[in-house]
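Below, each structure is written out as structure tokens.
Below, chain A partners chain B and then partners chain C, in two separate complexes.
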Partner chain A sequence: MAFFKRFESTIDNGIGRRRFGYIVLGLIILFFLWFPNDSSQSNYAKTVFISGFFYAIMASSWALLAGIAGQFSFGHMAFMGIGAYVAGLIARDGIIFAMLGIAISPESISAIGAIIIGTLIAGLVGLVIGWLLLRLRSAYLALFTIAFSELFRIMMLTEYDYTGGSNGLSLRPLLQIADVDAARQVEYYLMFGLLIVCLLVMHWVANSPIGLFLRAMREDEDAASALGVNVVRYKILIFVFTSMIVGLAGAVFYSDVGSERIIPEQLEVLQMSLIIAYAVIGGMESLVGAAAGAFISRYLLEATREVVIALPFGLTMSDGSGAFVWETGAWRYALFGVIMVFTLRYMRNGLLHPIITWFSGRDLVMQETVSKRKSDDDYDDLLEAGDE
Partner chain B sequence: MSNINLAVNRVSKRFGGNQAVDHVSFSVTKPELIGMIGPNGAGKTTLTNVMSGMTKPTSGAIYLNGKRIDGHPAYDVTRAGLGRTFQITRALGRMTVLENMMVPGLAHQPGASRSNLEERAREILALLTIEHLTNEYSRALSGGQRKLLELGRLLMLEPSVIILDEPFAGVHPRLQETIYQYIHRVHEDGKAIILISHDMGAVFELSQRLLVLHHGALIADGAPQDVKSDPAVIEAYLGHDEED
Partner chain C sequence: MKRNALFISLIVLLAMTTLLPASLVYADGHCEFADETITIGGLAPLSAPGAVAGGVAMDWAFNQAADDINADCGVEIDGVNYQIDVVTGDSEGSPERGQAVTERLIQEDEVDAMVGVYHSAVGLATMGMLEANQIPTVFSEPWNDNVSANGIREFDGAPPRFEDGIDHIFRISPASSMVGSVVVDWLLSLGVDDVVLIVENTDYGQPAAADEAARFEAAGATVSKIDVELGTEDFVPILSRIQARAEAPDVIRILVTGETSFNLTQQMSELGIAPTEDTICVTNQFAFQSDQYWATVPDGNYCAFNRVGIIPSLFSDAAVELNAKYEEAWGDIIPSFAMASYDAVYILADAMERAGSSSDAAAIVGAIEATDLELSQGRYYFDYGAHNPDLPEDTPAFMWHQWPDPIVTVMQYYEQGQSGLEAAVVYPEVYQTHGTSYIVPGTSP
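Right, the complex of A and B next:
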């Protein structure tokens, strides 16, 4: 504790917490840039990281929608699925164009073109749902998006001829690299780059006047409206924006970057629950917190697939080994549930909140207010004593 | 007619079988300071909600600076120049005091420089004696400080008509004095103010004209001394004497 106090004082008197925070962030980014170049890392480890980046986009965009704007949607995975499925269907048989009566050969559409169209369609569906629902309070949005997600999943499951049903749909590969190792490396950087770009854009939105209005309507819609904020407009805007972000993430990830096909199982409510859990654990009101929460959680879920427990007192298993290997299966999700309950009970702003607060210097502001209040009170006491 | 800021013409609001506001008509000219009183359930807050666009009227018309505003959404009414506070303060809790001030500032002047708006916000906070709380979350403020913050947010909107709903309720006497000074200053700046309060001392001291609501209807509209002796007002407040 004394060491931490000394360290804190050195930072406060030196470069300051914010600058120190940027340095730490820079080092973390450098680590992620270096990681795939480490020859000791397997392709599996890189795949886990790619999946972590994808879920970090999902969780941070949900944090923007629910944690910052206060719109509790359960449709995030569905919009991700819309982006991926539309990109897949467009590039495979151009069904969307056929429905719109546009004569375009699917072969003429590149993977990037399909991803862009998938992203736009996710935004368009978000606009329709937002226009219909976001005039209502958030409980209706939550209920509707649960129903919408399930309907969409069932559609994808049952329309076998188009979507491949439970076998899933392969999208046109975004990269054409024959060498597996090289391909994995490029896919890693692609997904990491997408995460950084998404975080930067979302950070810009959250810190713009729009972000201020979003937070105001999260706190109190009526008060925000009475202060001149067009609440419905900004609700729809952020819903469409986050729908496009996850639509893009889905279309890229399933274009053989993180996974070779999108399956309806990915759209289950359980998957959506995991996104919410990642954001809650990391910190719903912080984009970086939610992204870090998702990445670390994904990593831990993979790392705890198999837990090796060394046996004490020289005990051995029947096969002669001195360790018990526990295939955790679904039990790791139970552990995850315990962490989430702990977070909600004791650290509602997420496990990373104390770190983010420290770097932002908010505790210093609070200390300053308390000391100013104290001096105000002392001054009042002095005046009152003088009156007497 | 041209200096009428707010005109309320036969406005009614009905909730099911409850006639909350009953054909109320009055106008506010610049710079008037009007008190609005009435027993609990008289319809003061409902009328405020109707005027500010939070609730649509069942019938009637409202004009603000010549523009018809009844049925318009609240943000539109606010941008047209009518600002209001709430009976129960609605500070944006998980936002700092400065951010609370910036919301109306940026909503009212989207193209304005952020640093200029921040400077203006700090000036207003200094006027309201809460500048030392600028970077504090508003949920950490006391009830009285939240009232002051609401008043500050109104000034960021630069409205022509201000409705203050119970500004003195539950406020420490020292902060009440600050609110008094605020009302005087804003009035001197040429804004029309409608003051709703159960604090009769404050209402009679500050108001140039009084409106009295009872069962949703406007039963008196005149100078405070005239209203004080109005038999209908006395009956509304003290009740009907059965021997009469």
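Right, the complex of A and C next:
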């Protein structure tokens, strides 16, 4: 503790916490940039990281929508699915604008074109749903988006002639690299780059005047409205924006970057609840916290598939091995549930919140405010004592 | 004399008590194994949202096969015996997870070959990776036609086998198209012309219903279709509609899976709708798991059901032995996909032995193509592959590297609480066990 205090005061008196935070963030980004070049890392490790980046985008965009804007939607996976399914169907079947008499053949649509169209359609559906729904408050959005997610999943499941049903839909591969190792390297950088870009754009939105309006709406919609914030417009705006982000992430990830095909089971409410859990564990009000929470959770869920405990003192198991191997199976999700309960009970802003707050220096501001209030109270007490 | 006899008995007993452990040691230690093992990767759903019960049975079968092969001195290559080790990865029933775990098995566990999978979507998603890494693979449960047809990479163009002449994927489970017509053919042979299909609203139920309806209608039968959601527990409203018909249908065909189908079957029985003298009831292969079936359907509902996999009357000694091991472990009859998963490991082990290598993928693929092996499900062979590349025009593409003989039959219970092993096979005629193609409920064959 004393060491930490010394370290803290060195940082505070030196470069300052915020700058130190930027340095740490830079080092983390450098690590991720270096990671795929480490020859000791297998493609499997890179695949786990790619999956982590995808879920980081999902969780951070949900944090923007729910944690910052206060709109509790359960439709995130559905919008991700819309992006992916539309991209896949368009690349396979092309587009026909019957009213205009225009037909675009699938051959003339590139993977990037399909992804862009998938993203736009996800945004368009978000706009329609937002326009219909966001005049309503709180629980209605949650209930409607659960229903919408299920509706979309069942559609994808039962319209198997078009969507492949539970056998899934294969998207046009975004990259055509024959060498497996090189392909995985590029896929890694692509998904990491997408995460960084999404985080930067979301950070910009969250820290712009729009972000202020969103926070104001989250705290008190009526007050925000009374102060001139067009509540419905900004709700729809952020809903469409996050729908497009996840639509883009889904279309890219399932274009053989992270997975070769999307299946309806991926859109289940259970999967959505995992996204929410990642965001809650990382910190719902922090984009970076939610992203880090998702990445770390995905990594741990993968790393704890099998827990190997080396036996001490030369002890051996009955098969002669020197380690106890626990196949955790579904138990790792139970452990995950325990972490979630702990977080909700004791650290409602997420497990990473104290670290982020420390780096941002916000705890110093809080301490200053508290001590100022305290000293004001003490002064008032003194005055009252004097009066008596 | 008596004393001598006693003395001799004591000597014999003493000899037995000393020689028996010695012989056990011999049985255990009669194989000299190399230090290295042959690693085979297994892929099965071991946690949600996958079909965990199926995945656990497959995992058991993979490991049981490895144990049995090792007990029989493993795989002999160039005079050296190698033990087999199966490492099973959890696909969670998801293509994304399946791909990641397959990559782990290939790269970190350095598997020499692969067996699996339960879900077709996982098979389809992992095929590209298995081909790219040249891993000989025997799939034992996915049914989708495209699993063995062309690698279903819709945007890749030509199937992998046309690029380098080698396709590493084999399948010993039936393709969906092979399962299709058996039940309809049976019912038409019984002369039914008024059919009610109760169908789960999934991509198993809907296409199966469309296929069967088309076959019935082509034969001039009338078909009514009722959709239900999986997980429904109260079917009385639906069944009341059937009960309210002026005439009872000739047959009620249940295209619903799992517990839901059991609930439906039980309620049909309680309401006296089917099976009756007038109405035949046909459910699906889940009914073969008789312990589960009779636990949920206790009222003696003698529905017929289709069965994929070898029928009990054709069980070889190997199948009987395997079933006994499964029953000991799980307390129920072995499902066909567990038998297929067991056989898949054996097919690979046999091919490696004949190829004289556990790592030369091309040689192993060639050896699998030349397989001629009697295992728990029957005789395994592959008609089409690099060894016989010209598929006749009327032969579907999925027959490439496809075992052509998975058995599909219609079976029927005729006594309450009967084991699936004792149920009668009523169709096709060649497999009939009781000389009849239908047992009227309440009668004995």
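One rule holds for everything that comes next: the second predicted complex is superposed on the first by the 351 of 388 C-alpha atoms of A that agree within 3 Å, B and C clash if a C-alpha of one lies under 4 Å from a C-alpha of the other, contacts with A are read in each partner's own complex, and residues count from 1 in each chain.
Quick note on the criterion: contacts are C-beta pairs under 8 Å (C-beta built on N, C-alpha and C of every residue); 3 or more make two chains touch, one makes a residue touch a chain.
As the structure is a computational prediction, the values presented were derived from the model and not from experiment.
Bringing the complexes onto one copy of chain A puts chain B beside chain C with no clash.
In the superposed model, A:Pro173 makes contact with chain C only, not with chain B.
With both structures placed on the common chain, the touch criterion links A:Glu302 to chain C but leaves chain B unconnected.
Judged by the touch definition given at the top, the superposed model places A:Ala223 against chain B, while chain C stays out of reach.
Once chain A of one complex is fitted onto chain A of the other, the partner contacts of A:Arg215 are limited to chain B, with no touch recorded for chain C. By the touch criterion defined above, A:Arg135 lies against neither chain B nor chain C after alignment on the C-alpha atoms of chain A.
Of the two partner chains placed around the shared chain by superposition, chain B is the only one that A:Val231 touches, whereas chain C remains out of contact.
When both complexes are overlaid on chain A, the residue A:Val48 reaches chain C alone and has no touch with chain B.
Looking at the superposed arrangement, the partner reaching more residues of chain A, out of chain B and chain C, is C. Nearest C-alpha atoms belonging to chain B and chain C sit 38 Å apart in the superposition, given in whole angstrom. Within the complex, the chain A residues that touch chain B are 209, 212-213, 215-216, 218-220, 222-232, 285, 365-366, 368-369, 372-373, 376. Those residues of chain A whose C-beta lies close enough to touch chain C in the complex are 42-44, 47-48, 51, 91-92, 154, 157-158, 160, 164-168, 170, 172-173, 180, 258-263, 265-266, 268, 270, 302, 305, 329-330, 333. Against chain A, the residues of chain C that register as touching in their complex are 46-49, 52, 90, 93-96, 99-100, 103-104, 107-108, 119-121, 124-125, 128, 132-133, 144, 152-156, 201-204, 206-207.
Chain B makes touch with chain A in their complex at residues 52-54, 73-75, 78-79, 83-84, 86, 90-95, 99, 102-104, 106-108, 110, 132-133, 135-136, 140, 153, 157.
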